[in-house]
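Presented sequentially are two complexes of chain A, the first with chain B as partner and the second with chain C.
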Partner chain A sequence: MADIVFLAMMAVTVGGAIVALESREIVYGAVGLAGSLFGVAAFFFLLDAPYVAVFQITVYVGAVAVLIIFTVMLVRHETWMKEVTYSLGRLVGILTAAAIAVSLTFAWAASSSQLPSVPVPSTVTFLQIGQLISTSLSPALEVLALVLSASVLAAITLAKVEREED
Partner chain B sequence: MNTLADFTFVSGLLFAVGIYGLIVKRNALRMLFAVEIMINAANLNFIAFDRFLWSNLPLPQAALGQTFVLFSIALAAAEAAVVLAIIVVAYRLHKNVDVSELKTLGG
Partner chain C sequence: MTKQITTFEDFIRQILKIIFWVLLFLPLIGVPVYYLLDTVFHFGVDVFSLLTVHPEQMINLINIEPFHSLFIWTTFPGFTFAALFVTFFAMLWERKLLAKIQLRVGPQYAGRYEGFLQMVADLLKLLFKELVTPNAVDKPIFWSVPFASMAIAGALLSLVPLGPTTYLADPPVGVIMIFAIIGFFPIVTLLAGWASNSKYPFLGGLRALHQLVSYEIPLVLSLLGVVVLSGTLDIMKVVTAQSGVWYILLQPLGAIVFFIAALAELERIPFDLPEADTELVSGWITEYTGMGFGAVFLGVYIKLYALSGLFATFFLGGWLGPSFLPPELWFIIKTFIVMTAMLLPRGVMPRVRIDILIRAGWGRLLVLSFANLFITMFLVSLGVLHIGGL
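On to the complex of A and B.
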């Protein structure tokens, strides 16, 4: 059974996600998304993964959320601020989401007696993660560096303003 | 005490919210929000299963789950950067970020 801290974090995470999708102003949606990502980082702390949690806060709450807010300010325009909502599409979306949630809950209830309820003793430290990344997973790190530089190049090339010759 | 099933329940709830946003919303920024929420649900599931099942294994396996989630977060950040650049370009061309109006992106 979950304790009160867990329930509060769950409310922040899922509530932030709902605010991100349903708020009237999209800027508030970006703030709600940042809150939801912060809640996920708190879950990482609860799961004894502090390095991943700090990484999540740095990358998501620090970089991606700020990037999204800047984009919202760049493309802010009156015409699309009032979003069109299709009632049939909304009905289909709610039904699909409810179906997924109900089926996942059934799977959860059916298997909860076999899932471990107590975490195994953790022996993972920062040092071991760093050693794993820099030794046996170093090819993956190289590929990840290539992907990151390619995406940064692509973003700069896409967003570059073509200056017209006068 | 929080069990593994509690964490998977939260993860499934987040995933359902993300699916709802991806189906209902036609604004490109909202769809990006939905995708980010779904990626975070997957990461949370990954860390939870790693913590409850794998953490006491010998060294390479014990740290693998956290390392994979680190890679996943970095990839998601790259994806968000590219999507935001595409949104800026689409807005510059069409003065709109409604994906049902962006017909020229389909080729």
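On to the complex of A and C.
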């Protein structure tokens, strides 16, 4: 069951990423990006980390993907990426990626017969994460909060300046 | 034999008729004749045991585990129950209730008593209507929206526990998962509006985006008081923590904010700007016909059921109640009462303006939900409220 879900989610993630990069229609690219990020969240579920998975969906699919789709829809899509360009660099990139994939597959196939038995780590519940964040990692949390509020303030300032220019 | 076969339909009918007679006469005549001949000729093959199946050799469909979980997900607490509940019960209840509020009679002719079969008639009408795909639409996205609408509403449904043993999913981070699933609805409405390639759906989609994004934040923040009091993000444990006193008594502010934000998330009057019939034809679902429209609407109504159920779960004690009724029935009664309260404004309220809507969302409800959270934390730290009750 988990293998089927893993394979399906792998297809969603990789397919979404390919669509996001290769699609001529830019809205399809944004939807593919949302699908790819959702697939990553599914991997977190499979890795028994529901807390991370849920926040991956909330932040990346619920907020970032919505923003990207909304922005992309307001772009005039008639004159957007119509001409197809194939360059040498693209071919080299594809060949390099294929070579890396093939060599990794061979390495995996060679090592799969002698996998060492790894002890299963105990799952970390979100209560432990919360305790860590509120005790020993609280300086990091403060720094993150400061960065976020600084960026929000900067965004508001930029928007205000543009409005005054109008 | 007598009638000449002219059409393909007649041909099929003749073949089915022959199969019917063979199936009828083979056990009645063929098998007795075979056994009569068997006493004379001794064929040595027991035809009766060939035609019947020993019970132990039958495929055991009912007791194996995947079927059981499939039954739970698809049928009883899952999708079919919710779909039937909302289509054949809540929609009819909504129409009759609004009609009585506005001194009309409502549906009356389908069915013998008070038009109780009106929803069956409407479903048949939707099923038999033509599925029109307008020329200018973006077909893949346009036709994936009805499925996405139902699927996301079903995902929200899976978080609603009907009873101590009757539940679909019990994730340890259920409250945040509500936030995660609700985040998909703006994408669906926006894509529906864009893919329809028409002015009314696009305006409706943009309005839906503003409204859903603004109101999903107070919707989840209003639940944080409940989380502080119950000390868990697990929805099942939130219910069991309410065995002393329901959280609507300890969290009245949170309950009010959740209710209003849920109304706005459901795009119901007075917050029905994305669908506004009188301005935008039907908003982001204008271009859908037939069962495509039906599927989108089924998703919207399953979302209504799921959010009513979540209100009952978080603030009205879920399945808890006196033991003379089963817990599932208590849950359904509470959900029905909450749903009625959510349907009532449609009969009496006007539609709000979009600037009032956005200002109320960011300026009032968000502040109220934060105030609710801080009051709760203050009272907990003073020792007035404890985790798990008074």
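Points to keep in mind about this one:
Just so it is clear, the second predicted complex is superposed on the first by the 118 of 166 C-alpha atoms of A that agree within 3 Å, B and C clash if a C-alpha of one lies under 4 Å from a C-alpha of the other, contacts with A are read in each partner's own complex, and residues count from 1 in each chain.
Keep this in mind: contacts are C-beta pairs under 8 Å (C-beta built on N, C-alpha and C of every residue); 3 or more make two chains touch, one makes a residue touch a chain.
Not measured: the values here are computed from a predicted model.
By the touch criterion defined above, A:Ile57 lies against chain C but remains apart from chain B after alignment on the C-alpha atoms of chain A.
In the superposition on chain A, contact is made by A:Ile69 with chain C only, not with chain B.
Counting residues of chain A touched by each partner, chain B versus chain C, the larger count belongs to B.
Residue contacts after overlaying the shared chain place A:Val31 against chain C, while chain B stays out of touching range.
Shared-chain residue A:Val40: touches chain B; no touch with chain C.
Looking at the shared chain after the overlay, A:Val12 reaches neither chain B nor chain C. In the superposition on chain A, contact is made by A:Ala49 with chain B only, not with chain C. Overlaid on A, the two complexes show chain B and chain C touching the same residues of chain A, namely 51, 55, 63. For chain C in complex with chain A, the touching residues are 138, 141, 171-173, 176-177, 179-184, 186-187, 190-191, 194, 209, 213, 216, 233. By the touch criterion given at the top, residues 25, 27-28, 31, 34, 50-51, 54-55, 57-58, 61-63, 65-66, 69-70, 73, 125-126 of chain A touch chain C in their complex.
Chain B meets chain A in the complex at residues 1-10, 12-21, 23-27, 29-30, 32-34, 36-37, 40, 43-44, 47-48, 50-56, 59-60, 62-64, 66-67, 69-71, 73-82, 84-89, 91, 95-98. On the side of chain A, the complex with chain B involves touching residues 1-3, 6, 10, 13-14, 17-18, 20-21, 26, 29-30, 33, 36-37, 40, 43-44, 46-49, 51-52, 55-56, 59-60, 63-64, 67-68, 71-72, 74-75, 77, 79-80, 83-86, 89-90, 92-94, 96-98, 100-101, 104-105, 108, 111-112, 115-124, 128-129, 132-133, 136-137, 140, 144, 147-148, 151-152, 154-156, 158-159.
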